[in-house]
Amino acid sequence: MIEFINVSKTYRTGTHALHNFSLNIDRGEFVFVVGPSGAGKSTFIKLMMREEKPTEGEIYVNGQNLVKMRRRKVPYFRRTLGVVFQDFRLIPYMNVYDNVAFAMRVTNVRRREIRERVPYILKLVGLEGKSKSLPEHLSGGEQQRVALARALVNNPPLIIADEPTGNIDPELSFEIVDLLSEINKCGTTIVMVTHEHNLVSEFNHRVIMIEEGSVVSDNRNGRYSAE
Amino acid sequence: MSFGSFMYLFKEGFKNVWVNRLMSFASIGTLMACMLLIGGSLLLSLNVNTIIGSVEQQNEAVVYPNDEITDEEIRELDTQISLIENVTDVIFIDKDQLLAETMAKGDELAKAMEGLPLGEDNPLQNTFRLRLKDQALAVETKSELESLDHVAEVYIQLDLAETITSIKRAVSLSGFTIVAILVVVSLVIIANTIKVTVFNRRKEINIMKSVGATSAFIRMPFLIEGFFIGLMSALMAFGLLWLGYNYIMLAISTSRTGWIKTAYENMLTFRQIALQMFIYFSAGGIGIGVFGSMFFMNKYLKV
Amino acid sequence: MSFGSFMYLFKEGFKNVWVNRLMSFASIGTLMACMLLIGGSLLLSLNVNTIIGSVEQQNEAVVYPNDEITDEEIRELDTQISLIENVTDVIFIDKDQLLAETMAKGDELAKAMEGLPLGEDNPLQNTFRLRLKDQALAVETKSELESLDHVAEVYIQLDLAETITSIKRAVSLSGFTIVAILVVVSLVIIANTIKVTVFNRRKEINIMKSVGATSAFIRMPFLIEGFFIGLMSALMAFGLLWLGYNYIMLAISTSRTGWIKTAYENMLTFRQIALQMFIYFSAGGIGIGVFGSMFFMNKYLKV
Amino acid sequence: MIEFINVSKTYRTGTHALHNFSLNIDRGEFVFVVGPSGAGKSTFIKLMMREEKPTEGEIYVNGQNLVKMRRRKVPYFRRTLGVVFQDFRLIPYMNVYDNVAFAMRVTNVRRREIRERVPYILKLVGLEGKSKSLPEHLSGGEQQRVALARALVNNPPLIIADEPTGNIDPELSFEIVDLLSEINKCGTTIVMVTHEHNLVSEFNHRVIMIEEGSVVSDNRNGRYSAE
């Protein structure tokens, strides 16, 4: 499903975010990505959704070569992903409902389906009472859950979440990862960046640890194995 | 794009006019202001041109027939002169009439005419007075008149004709130049406004891209927004110009000064140009609104 | 505010012109465009006014002295006429001269003059020709002339004087109106531009407020930025106007048409108005840049 | 130092964020504020720094009545606080150094002092190599540490931090709270909102729990005591 082959990414500022980064994630896996601040986790995610192009190496996601992908094809590729961004990326002038519905509208889904699906997903993340609120009128955790709802709403085969529980209390975080695990059981591949020890050890999933732009450990038993 | 999502994007664009109202108002204000300037100067130059056109015909030409011409031949010559393309308002004035006219003016020469005899002994000459439609053709018309039978002499103020022609050319040239400058300046201003308003929304464009929206999908609401902003600006500019123009016309029509009255009679009424102006305004406003935002969005769509 | 932080804020404002270059360029473009329009129309209306001023003096007045006037008295009358405030270019023309002149014109009346005797028997009259400085005072001047000794009759085209006066008034009024409209329209456009650019930075203003910056501290860089943008716009508009004006002057100066030549001689050179225009542009640009941003920032500073 | 008396806050949207909220924090205390997403923690912080005014009740901070405070006085009051915002609030066109230095510049500090202090603080939060970077070229955790650095740089008597470790890995988070504890030992009052169980239990500070806009528990022994 996801294959990184000797990928390096150097930003225009000269920062080497990833070096010689190789990785393989199969269809249906649930992967935690951990690592210190600035290690390159978000860069890994940005490469996976083709927001950035690698400086070197090859990337395949959903069977597509992201390096060679035409610009016109990118939107259609992105619709096969559900991404929770670390900085949320909500559209400030759209309310919660419209922010979530937007991800469905871009795909030409029928309006009736949108009207049924969006409230269902908002309920799932505990935001049923906030659907008319603008992002600026939400708490940090509420905004994060809108971002999560938007990633889930299209039922994509691959969900990528960059610290989706950073602003959310432990109980709710646990519920969210539990929800993701349920979705994963139905065959959806999930890649989740997180800093929370407790979550990683409580759920027995594969853990990839990134440090200074490279994979330093890759463990299938749900344990950190720092140096 | 399905009909459903077209309708959604249409509504979205309409809503955005209000959601981004600070910027919409700024754009409408700017667009409207520019249209007012262009429309105003267009009206001014159109009117100046028609007024100049009416002044043009003030240059009289004079044709002296032979002394031996008979009354019959005078009528014939009159017809022939009238048949010349560039000639209008032909009047025959016999020499007694001319004398009376000149005396009535009461200027320097009037004194000299005192006591001149009427009838056969009148030293003045029979005269055809006429006007030229186009002063630029004065020379050609002069030789055409000279080639007629029984014509002794043709008197046309060629230097005045040339002056009038060049004034006319200068006025319409500068009118055109002014309108052209205003159009260019307006485009600069409007381009800057659109650039800034699109720049303002680069983040949202980026977010839409990152959840899988195609460029066309993102553009649509901007397009609709540009359409409405352009249309509203055109409507408001048109309305204001109408009010302003009629107000000025009213002010002028009550003037007692002679030349202003004459000018007033030659001025265009707003109705005469309203439809055309409205079409230009709407087309311009909508065109600029739509293509301007398309153009400046491209940069942010390449993500 | 200490000197150190003043220097910091000054540099910051200067830097911001570049950091927000998209918006700075847009503001400079808009401001410059507006200044060009205003400056251009100001130049045009100043020139039209001076040209009209020179046309004004084309209306000749004529004074007929008594028939019995002696050469001595003619010289005396000449001096007296010249002493009248509103009178200029007094010329005495004796009747033989007048006859020759009239014949030379070769128009309708010339034929009538053929064979008139010179000297004592010449039926024409001795004449003083003169011009009025201000046509608006034609009536007063006429009665002043009539009250002089040995004056038989005064002939002034009062209706022409009135027409010229009213044209002059209409031209300067419409020049003023056009400049005023341009100023108002420019203010609307510039206000919108500033509003949008300040709106663009409301978040940063907010952040600054939330870490304890006073309003004065936040304003300073905007003020400096507005100052530079205003100054740069003024400089560029001034330079472009200079180039453009001299280009047009050059084009006109090579024209062979008579009235354009006359007009050219009456036109202002750019140097004559450069300093004043530069001062107005700079003051206007800087004033608008500074006060405009101050004004529109207030809303976002009240946090 | 901080006193909330029967404070209620209803936002203009009609959301009741705090009801009848009363609290007392003494000079030199270190307080963790915990609670579920949307409970009113950030609202509590916004009221404390007078970004929002309460609908009802009275608030005293540093001996000043925030309800009656004149608008002109607010900037000078804010300079006595160091605030880490949940959404960072970095100025996008200033680099890391300038963002941190800005908080000193507003207070008329001498330039030499700024040149010494800012690099020192940046080193403390591990950003010595990023001082010339713009916020948009930083990772989430790096941005958060810039916000923290800015809050610390003026050595304020009161530090308020809204989830300052939400985007930071556990090891660094621990170090940061450790740093705050050190600062606290020198007499600085610290109020820190957090979701991280581990941090709260590891450091033995007072824990205030907010739920649905009210204080539901206030514990001096560093324990959560949810219902």
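By letter and in written order, the chains are A, B, C and D; residue numbering begins at 1 in each of them.
Quick note on the criterion: a residue touches a chain if its C-beta (ideal position, glycine included) is under 8 Å from a C-beta of that chain, and two chains touch if they have at least 3 such contacts.
This one's a predicted model, so the numbers in the text were calculated from it and none came from an experiment.
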Query - For subunit A and subunit B, chains touching each - result: none
Query raised in the report: Per the centroid of Cα atoms for each chain, what is the distance between subunit B and subunit D, given in Å?
Result: 68
Query raised in the report: Which integer distance in Å separates the CA centroid of subunit A from that of subunit D?
Result: 28
Report summary line: Taking each chain's mean CA coordinate, subunit B and subunit C are separated, in whole Å, by 24
Query raised in the report: How many angstrom between the C-alpha centroids of subunit D and subunit C?
Result: 63
Requested in this report: Spell out, as numbers or ranges, the residues of subunit A touching 2 or more other chains.
Outcome: none
Query - Graph class of chain-chain contacts, one of line, ring, star, complete, other - result: ring
Report task. Identify every two-chain combination in which the chains touch. Result -> A-B, A-D, B-C, C-D
Query raised in the report: How about subunit D: which of its residues touch subunit C in the complex?
Result: 49, 51, 71, 75-79, 81, 83, 85, 89-93, 102-103, 105-108, 110-111, 150
Requested in this report: Spell out the part of subunit B that touches subunit C in their complex, as residue ranges.
Outcome: 22-23, 25-27, 29-30, 33-34, 36-37, 40, 62, 64, 98, 102, 106-109, 111-116, 123-125, 127, 155, 159, 162-163, 166-167, 170, 181-182, 185, 188-189, 192-193, 195-197, 199-200, 257-260
Query - Residues of subunit D that touch subunit A when the two form their complex - result: 11, 13, 15, 34-38, 41-42, 86-87, 126, 133, 137-142, 144-145, 162-163, 166-173, 195-198
Query raised in the report: Residues of subunit C touching subunit D in their complex?
Result: 1-2, 4-5, 8, 16, 19-20, 204, 206-215, 217, 302-303
